[in-house]
Amino acid sequence: MKADRECVTRLLKTARGQIEGVLRMIEEDQYCIDISTQIMAAQAILRKANGEILRAHLESCVRGAAMCGDEREKDQKIEELVEVIGKLTK
Amino acid sequence: MKADRECVTRLLKTARGQIEGVLRMIEEDQYCIDISTQIMAAQAILRKANGEILRAHLESCVRGAAMCGDEREKDQKIEELVEVIGKLTK
Amino acid sequence: MKADRECVTRLLKTARGQIEGVLRMIEEDQYCIDISTQIMAAQAILRKANGEILRAHLESCVRGAAMCGDEREKDQKIEELVEVIGKLTK
Amino acid sequence: MKADRECVTRLLKTARGQIEGVLRMIEEDQYCIDISTQIMAAQAILRKANGEILRAHLESCVRGAAMCGDEREKDQKIEELVEVIGKLTK
């Protein structure tokens, strides 16, 4: 993975911590809206982590393949991006 | 929380498991797209859990307040929903 | 509709204008990314208009029903919100 | 634009028609939720059109540049995709 490992790891550990917090809130039967708010915070962090990973992927893996990869590698990179963008625009 | 506790807990534990999987993938320096795909899967599950929690909240807490809550309680429910919908339409 | 009519109408006319602009760009065979950027701008405006409409709906129609509507009206409001939030969390 | 012109034009004309419909609904002071539903339908169509445009862009423009474009062209394609994905993961 080409993204800043420390940064992405920190984001994901924060999201995991929030989800663990939500699981505790459910056990303690806390209020729905407080639980929803915490889940939406975790979603925002995952969005940020995913954006960071895809940005770094474009700037290194995709650029690398475009610059000096063989045709098969270039095609593979394009197909992967088609799938990712397909999910993001769904 | 009014949503089906078991169902929501299972969804959140699945999302947590996926995030732990992503953290391992990062440690093992796996491919960006595979990591991104796993994060998007966790995001989809969190969306589902949040939808379930908000649905149950509307059908029980909000309905309950609307039916027999005092004015202050009704106002609070409305304000909470304004905030939630504000986030969802951002 | 309870939202500020002028504000929402202006947003929607802007979105319509952008879509008309996109249709012209397609006719002139302009660059994909420029067209995509214009569509995403229209999407952002529609999101804003929808958020404004739902906010005003909650603060007037839903609050009104909660305060002094009959049971059937309250139920209807709840069901409508369940459907809206279902779409927003999909 | 590399996407199927007819298909994308039809989608955009449908979205424009829905927005015109919403403008009429506002003039006729129709119900908030019906207006919101129509806006969300137009948003879904714009998402579909944008996904189609970006898919075709990747498979032709980006692939073309990767295969036989000069370094400057390849860099430009990468930067454009970084910006698009930045917006889609916001």
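Note that the chains take the letters A, B, C and D in the order they are written out, and that residue 1 is the start of every chain.
One rule holds for everything that comes next: a contact is a pair of C-beta atoms (placed from the backbone, for glycine too) under 8 Å apart; a residue touches a chain by one contact, two chains touch by 3 or more.
Quantities reported herein were computed from a predicted structural model and do not represent experimental measurements.
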Chain of greatest Cα-centre distance to subunit D: B
Between the pairs B-C and C-D, the one where more C-beta pairs touch: C-D
Intercentroid distance (Cα basis), subunit C paired with subunit A, Å: 27
Inter-centroid spacing, subunit C versus subunit B (mean Cα positions, whole Å): 22
Geometric centre distance via CA averages, subunit D-subunit C, whole Å: 17
Residues of subunit A touching at least two other chains: 47, 50, 54, 84
Topology of the chain contact graph, where touching chains are joined (line, ring, star, complete, other): ring
In contact (per the touch rule at the top): chain pairs: A-B, A-D, B-C, C-D
Interface residues, subunit D side, partner subunit A - complex: 47-48, 50-51, 54-55, 58-59, 62-63, 65-67, 69, 71, 74-75, 77-78, 81-82, 84-86, 88-90
Residue numbers on subunit C that touch subunit D, as the complex places them: 1-3, 5, 8-9, 12-13, 15-16, 19-20, 22-23, 25-26, 29-33, 35-37, 39-40, 42-43, 46-47, 49-50, 53-54, 56-57, 61, 80, 84, 87
